[in-house]
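Have a look at the structure that comes next, please.
Chains here go by letter, A, B and C, matching the order in which they are written, and residues are numbered from 1 within each.
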Amino acid sequence: MTKKLLSDITIDHIRSMIEKDKRVDGRTREEFRPIKIQKNYVATAEGSALVTLGDTKLLVGVKCLVGEPYKDTPNSGVLTTNAELIPMANETFESGPPNERSIEVARVVDRGIREGQAIDFDKLCITPEEEVWKTFVDIHVLDYDGNLFDAANMGAVAALKSAIIPASRFDKGEDFPFPMKHMPISTTFVKLDGYLVVDPNYDEENVARSRLTIATLENGRLCAMQKGLGGSFSRADVEKAIELSLRFGNLIRDQIESAGE
Amino acid sequence: MKEESSSKNASESASKRALVLPGDLIADGEYKPGTGTYAEEGKIFASQLGILNIRSNFINVIPLAGQFVPIVGDQVIGMVIEITPSNWLVDINSPYPAPLHITEAPWKVEFGDTARYLNVGEVILARILMVDEVKHIQVTMKDRGLRTLRGGQVIEISYSKVPRVIGRNGSMIQMIKNYTECRIIVGQNGRIWLDGETESIDLAVRAILMIEEDAQAIGLTDRLREFLEDATRKRG
Amino acid sequence: MGGTPTDIQLLDANGLRLDGRRPDELRPITIKADALKRADGSAYLEWGGNKVLAAVYGPRECHPRHRQDPMKAVVQCKYNMASFSVSDRKRPGPDRRSQEISKIISEALEHVVLTQYFPRTSVDVFIEVLQADAGTRCAGLTAASVALADAGVPMRDMIASCAAGKIDDTIIIDLRKEEDNCGQADLPLGIIPRTGEIVLLQMDGDLSIEEFYTALTMATEACHKISALQKEALRKRYSVAPEEVSDEVEEAIDAIAHGEEVDEPEEHDEKQEES
């Protein structure tokens, strides 16, 4: 997947604005773009959410079916996370099987949910050692202007929150709400010209030297981290990032809770 | 549907500056097909979404969207995307990349020495030298004023909005230049280069995007003037 | 398909369908042009229980290179269903059905796009079904046509598409899921509304020749109604009442149409290029 080539003029301009704590869309370095979340967007999914983060738009769908548990966790449900960076979302996205970028996003979102103990997997057990609920979280990027990680994470959490296990359809009893215990929320930063910049848009991502995603929980604990691209972060950067992640985590969590259909 | 379009007579819709869509019948024999149209069975139809326009004997549709295809003489702002020993490949925001040959550069360039004068990612002001029947395009930098652009910012808008951004006799772009004190060069290909203080560039960009968003609306000039007045007053 | 015997009454005593529609009635359709920011053109369509997104990039440089045509643009359409768009999750990635649909839609669109104006390029059309309820290929083609117009791709007309079918020996149009699964025939159709030319036609099931002609006529009428909705969606997004176009804009439009330079005086700098 090709990276967009930006002119040296645009790169310099982005950098000189960042130094003045301004960004091309008018934000400061520590501001998120406007977020809009709509739950239950797709009736054919067990749960779903349409997320708009600035000009990035994606749709997450949750599907559940009955299957066999993994041998090493015979009484737990199974979660599979998948991301599709479909070509319509950006001129640099190519058709084909998941590439390393979509795999990374899927795994980071998955990790946040799994390590954050977000799901009560025991409640997803139907018959121990035989039948469990298998949950598929499918992230479908529709329009891409940066920050895949946070948009996908918000979408996944909102979709799971709105999901109903279709037990009656499979003759496994009554339908019940998807068992979510926590809401892990991620915040992504890039290092631009030595500065920490939150929620990068597409151009900023292309100019940035390195990227850091931190997922936090309601109780103020960390549950996942991922550094990406080349470059590096100082310890002070990481401390700042953690502080901001906790703050944004709470704000975004509230938005997901109050999101309507 | 078919009944509706054919009952609307051509001169009626033409005089109304109507929005036309692909497939709309716009003329029935009196005119010659211009841009954004095609002819079939002696009639002329719109091929693109746009505004109807009649000029001498031609009926045209001025498209509201579409890819930029240059004509000879167009001034364009391009970005170098590839270098070879004898030319630079320039992206001009068109489906067709445009090579700049070393003989069309403003410097005396030896074969193989191209990277010394212009590199990948650099931005140039150039003119369209040639466009052949199968849309092979070439650019030149040999005219007066054509050069490498440095500093400032480059933005991209839909090429079809360029006339609106420039305005009648350049009045619109001049207004923006006056209020922001920026140097601004508008390429026919929808790329615009601005230079000045960072805040001024920011203001000019927002003004231009306002025009692009609302190109057809009435009172746009006044609203834009108000916006610029307001912003410059705030800056003090 | 195949008319599997079923307990479902597809047509009631009054000749009304499951959702109360008459045989010639369309499901509710809403179309929104310019639905995405990044793509050159786009459209979002809701048709009964279908939610379909279409996007266009191009004309642009043709990839893969070997598909390039030196004389014209190639139209490449990719139709895909999201894994959560159907009741039983669909594995992501193209399956044979999606590939077939992509091909027939590409071929239909190739017939209306004025490809000769853009040699060596491709017009890339993407159709994504987010929620499915039968008739997705017709919905996709209808949305793709609006997206192409939104992108300013030169075309002869926008293709309108709708399916006809047969349930309980009655010809109907616009089948919903149950009618598609349990009916006796399915006939997706795509036409060029201006001329009536047929650019997409498939059929499976059991029809007499007379029934086929009835179905064709009914589907064609439905396509004309859909064509009106396509145009309405674009007008809604782009229209300015003719009286509202200001003098200034008129002048600018006139000048560009005439090929005049609407340039401001050239920018000249004393510091010319340094080598």
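Heads up, the rule we're going with is that a contact is a pair of C-beta atoms (placed from the backbone, for glycine too) under 8 Å apart; a residue touches a chain by one contact, two chains touch by 3 or more.
From a predicted model like this one, the values you see are computed outputs, not experimental measurements.
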Contact-richer chain pair (by C-beta pairs counted) among B-C and A-C: B-C
Centrality ranking, top chain (CA atoms only): C
Distance-maximising chain from subunit B - centres being C-alpha averages: A
Separation of subunit A from subunit B, taking each centre as the mean of its C-alpha atoms, in whole Å: 38
Separation of mean Cα positions, subunit C and subunit B [Å, integer]: 28
Computed distance of Cα centres, subunit C from subunit A, in Å: 31
Where subunit C touches two or more other chains at once, by residue number: 60
Shared interface positions of subunit B, touching two or more other chains: none
In the complex, subunit C residues that touch subunit A: 36-39, 42, 49, 51, 53, 55, 57, 60, 78, 80, 82-89, 92-93, 124, 126, 128, 130-132
Interface residues, subunit C side, partner subunit B - complex: 40-41, 58-61, 70-71, 114, 117-121, 149-158, 192-194, 224, 227-228, 231, 234-235, 238-240, 242, 244-246, 248-259, 262-269, 272-273, 275
Sites on subunit A touched by subunit B in the complex: 5-13, 16-17, 20, 22, 24, 26
Residue numbers on subunit A that touch subunit C, as the complex places them: 41-45, 48, 55, 57, 59, 61-63, 65, 82, 84, 86-91, 95, 97-98, 136, 138, 140, 142-145
Of subunit B, residues touching subunit A in the complex: 79, 81, 91, 119-123, 149-154, 193, 198, 201-202, 205
